[in-house]
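Next up: some structures, all given as structure tokens.
Two complexes follow with chain A in common, the first pairing it with chain B and the second with chain C.
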Partner chain A sequence: MAGSALRRLMAEYKQLTLNPPEGIVAGPINEENFFDWECLIVGPDGTCFEGGVFPAKLTFPTDYPLSPPKMQFTCEMFHPNIYSDGRVCISILHAPGDDPLGYESSAERWSPVQSVEKILLSVISMLAEPNDESGANIDAAKMWRENRAEFDRIATRIVRKSLNIPL
Partner chain B sequence: MEMVPESEIQDEVILKQQREIEKEVAEIHPLIGNIQPLTCLLKEYMDDPIYTNKLTKLADVYRSLRRVRPDGNCFFRGFGFSYFEKLLDNEEEWKKFQAIVMGTKDQLISQGFPKFTLEDFFDSFMEVVNRLGGEGKMDAEELSRIFNDAGTSDYLVVYLRLVTSGQLQKEEDFYQNFLEGGKSMREFCQQEVEPMYRESDHMHAIALGSALKVGIRVVYLDRGEITTSPPEHDFPEDCTPSVYLLYRPGHYDILYK
Partner chain C sequence: MPVLLLERLPLPSLEAYAVVSVSLLGWSLHYAAEKTRDPEWRMQFVETKNISQEIPNTFQAYISDILSRYWLSSRAQDIVSFSIHDSLCIWIVVNMAYCFLVLFGNWLQKQVFGELRVSELQHIKDKFWNFVFYKFIFIFGIKNVQSMEGVILWGSWFSVIGFLHIHAQLCQDRFEYLSMTPCIPRHRHFRLLTLLGSILVSSGLLFLICLAVGQRAGWVTFFLVAPECLLLALRTTHVIARYILYLQSCHPPIHQLSQGWSPSTYYVELAVEISCLIVDLAHHIHMLLRANMLLSMASLVIFMQLRVLYEQLCSRLRRHGNYKRLLQMVELCCPLVTQHFELESEWEDNKCAICWEAAALARRLPCGHHFHHGCLLHWLEQDPTCPTCRRQLLEDGSKETPPTSQSRPRENASFISWTGWSRIFQQNADTPAVAAAENSQLESLAEQVLQMFPDYSFPVIIEDLRQTRSVDLTVENILEGRLLPTLPSFQQEPSLSTLPKIVSQEQNPFEVSQEPDKLFVDDPQERQQILQCRKHELVEEARNRFFQRQALANISPNPDS
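Entry: the complex of A and B
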């Protein structure tokens, strides 16, 4: 089983290296182990996360791509769809039926034709447009809804921190 | 650090239990079992006159059966094995099938399936199809080995699921009449057809049979009326069946005449 997963991950890595999508760098931490990746995500323009560079890790199961990977930011984040420990909670990281937060039925789920690139692009959209219905971080969801100015202020601090700019 | 919400801990527990059940099922059932006489099912239903009666009637028509692992993929896996087994004995049909499968790739890409990941499954599928005839032809034993190797077997299932999804979306006007609950066809395919372990029904069977031009006969065995022989349905309608499947509520196995 891990044979097809490895082949697929190597192919995806190559693809991402040859045609990197804007705002994304991703690859295995160590080429001896293709099941643990790190990635850098650039905060999308025109959003409160603009310009930040956020590191995260992706952990792939041995039956990838039949099952989705897990994703966790390794920097400080404050966002309705990211747990306080950095784990990302969006629909594409879940197969239908294993449904932690009751996504809308139309939300895009994991299926074997999805890819790392598709996940990371979804994460960029998530940074731009949080889904405050499925709150992984309730405080962030509440603040996003009720006090956008304060949310933006925290986001700006996180962006500066990600760039090592003195706060 | 903030506590992980309780609802999420519960989800993790449920998921873990689910994985354990799946593991148990995998230990008891091979992905594709050996051929057994159909009468082996009689033992399972010894105390059940309805099933016993129906099975006795069924045994007049079908000699034997091959069990498929009940993991939600049984329709696709059973279909794939049964048809590939048939192609091993029919060089002409194999050549036609090769051409049909070749055509599915461009069809799916033209429908918007991502080329890069689609090709991964197509290539694995084609690799097996190419060896069902011609010079490098495999034997039945190797076919069984391939279908019992989870890595390859699951890839074959994924490709059949993608072909089914493509057909449902291509002929959406026809199939949407079967949809319940206000889902769009795209949502239905993304949630019920493309992902592994989701079960199949009529709609999947008609779509897969039509896309690959393979007739599927499904024999239904349930606790319905006792007097009749188990009902049979052909997918697509009016086809000449190449694949025979036995359906018991929630599960498909392969039948042999």
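Entry: the complex of A and C
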């Protein structure tokens, strides 16, 4: 299977390079291993993460696209759906079998017709609209609900940090 | 953990070990030479020789026999026989043999593998200690070997087997790693395959040795040692077969009707896996029966292992049953269709959505979606739904779930408008006829919106409608301020847009050609460089936009803050 996974990843890389969606750059960290990617995501306009460039690591399984990749932000993040270690918790990254939080319908889960591009677009939309029902980061979820001003302040700090601009 | 403890031990370097081993050997040879000069020893030796000739079946007698028959002068013969009989000397000789084995392994590793990766190292370490543990149980728990020569014989046998096993494992790990890399020089594949081939040949030779031993020492011993060789051969064959299939799949013939899978591959895989498990299972049952005491620690360990193997076998058979059922179902309700397309005309339908490769021959699901036979089966094994629309398949279509797919494109559209950039979906506008029809439709929709919001420009509305495909959603976007009356400001205001360009040209170390064809090149290094460049540009642009926004905020400070 690894051969077809490799070809598919190559095709996705090619597509993402030739027709890049705005605000997304993604590709293998090292051409020696095509199953570890790094991507940069620009925070969506009109949200508290506006303008930040957030690096994340995508780790693909050898049976990709049958199983979803794992995604982890490598910069500091504060968001209801991102664990404190950077792992992203969205339904599109969950295999149909597992349901860690027991609330998703299988229609939202991973399927092999999904792609890196779709994942990253979903993550951008997640940055814009956190789903505070599935709290990967309970503190962030609580703050998002109850103290939006403070949340925005933290987000702005993270944006500045991601751009390497001192406060 | 004993393994952890061992890692902390200050193990000597390989060179030091080799030097110590050689000097020990030298010392022991010297010692043996000194001793054999002693006439007393000679007398004793002749006596024991006479005794051992009466019982010719011992190990030492056998070796002395070989030595005298072939190649050594009587002096050297004496030294060797002394070394064999002296318990200290024989361990030094054994140590030397291990030293050779380790040096050989090291050389092999340098030739074939280069630097080992952390995961490979961890894997073989686990495998090694596991192997040592089980063989220890085997030698002292099951065979209950008590004589020194027995321990040495069994030990050296298992060392050779273990050596081959570990290298087979290493080859497998390395093959899996190489299969993740797109461009590998041919010689690396060649070396790995050569090593795999020699492991296979060695396991064949060992099997022949087993046969010879079996003839001399009885078939019970044969059945205790032969399964190891058989397992080794099977596993190596499995890796070789997978390797060859992988190499073939990397260079598929252009005109082949790609199915992404062939039944023979599956059955070869299944046969190898099942036979490995069965041989292992039979071997363990045999060991359990041969154990001197049925109620002992060794039997318990074997029994546990037996349980694990049995469970593995059962789950494999269950998986196969499941697979057969799926295959039957797929053949029943998903007809195999041949599609005739002009190349590159309809990119979505022309390709299997799972592997993104051309699907000249595909299975059509009841919901109308097409996939390669193999890709589809692999997916259905995990989840019996259509990958595209999630319709259930297992109940033979009787359980009609409402198609949830229609929400998907709209979902996409709504979050794309959130991203704040205008991105046009071009898949649907590929064929001119469709595009024309769509444009007229969009225009009529845009006019409706324009009536409500006359200060918005026509192209902006068209752009947004292209994403939302609904008047309501576009109106919502306008009302919530996601849509600006004119095109995005940073493209239009010349005073601000010139700034990032100058800065990015100054700071950009590489010159990237903006022609899309040149962005994706065949050379991996260049590709890597372009990617780095693009990342760099993205960050720079974001920084510039950040400063622009700040400047704007300073010029017209928000009255609220």
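Here, the second predicted complex is superposed on the first by the 163 of 167 C-alpha atoms of A that agree within 3 Å, B and C clash if a C-alpha of one lies under 4 Å from a C-alpha of the other, contacts with A are read in each partner's own complex, and residues count from 1 in each chain.
Everything below uses one rule, namely that a contact is a pair of C-beta atoms (placed from the backbone, for glycine too) under 8 Å apart; a residue touches a chain by one contact, two chains touch by 3 or more.
These numbers come from a predicted model, not from an experiment.
When both complexes are overlaid on chain A, chain B and chain C end up clashing with each other. By the touch criterion defined above, A:Ser122 lies against chain C but remains apart from chain B after alignment on the C-alpha atoms of chain A. In the superposition on chain A, A:Leu40 makes contact with chain C only, while chain B stays out of contact range. Contact with neither chain B nor chain C is seen for A:Lys142 once the two complexes are overlaid on the shared chain.
Touched residues of chain A, counted separately for chain B and chain C, are more numerous for C.
In the superposition on chain A, A:Val53 makes contact with chain C only, not with chain B. Using the contact criterion defined above for the overlaid structures, shared-chain residue A:Thr17 touches chain C, although it does not reach chain B. Of the two partner chains placed around the shared chain by superposition, neither chain B nor chain C is touched by A:Arg157. By the touch criterion stated above, A:Asp85 is placed in contact with chain B alone, chain C being left untouched. Within chain A, the residues touched by chain B in the first complex and by chain C in the second are 1-4, 7-8, 11-12, 63, 65-67, 95-97, 105-106, 111-113, 118. Across the complex, chain A is touched by residues 1-2, 4-5, 7-8, 11, 15, 18, 113-114, 116-118, 120-121, 124, 150-152, 154-155, 158, 162, 183-184, 187, 190-192, 194-198 of chain B.
Listing the residues of chain C that touch chain A in their complex gives 176-177, 179-183, 245-246, 249-250, 260, 353-357, 375, 378-379, 382-383, 385, 387-388, 390, 404, 407, 412, 414-416, 418-421, 423, 481-482, 516-517, 519-520, 524-525, 527-528, 530-531, 534-535, 538-539, 542-543, 545-546, 549. For chain A in complex with chain C, the residues that touch the partner chain are 1-4, 6-8, 10-14, 17-23, 25, 27-28, 30-35, 38, 40, 42, 44-47, 51-53, 62-63, 65-67, 95-97, 105-107, 111-113, 118, 121-122, 124-125, 128-129, 159-160, 163-165. Of all residues in chain A, those touching chain B in their complex are 1-4, 7-8, 11-12, 15, 63, 65-67, 83-85, 95-101, 105-106, 108-115, 118, 137-138.
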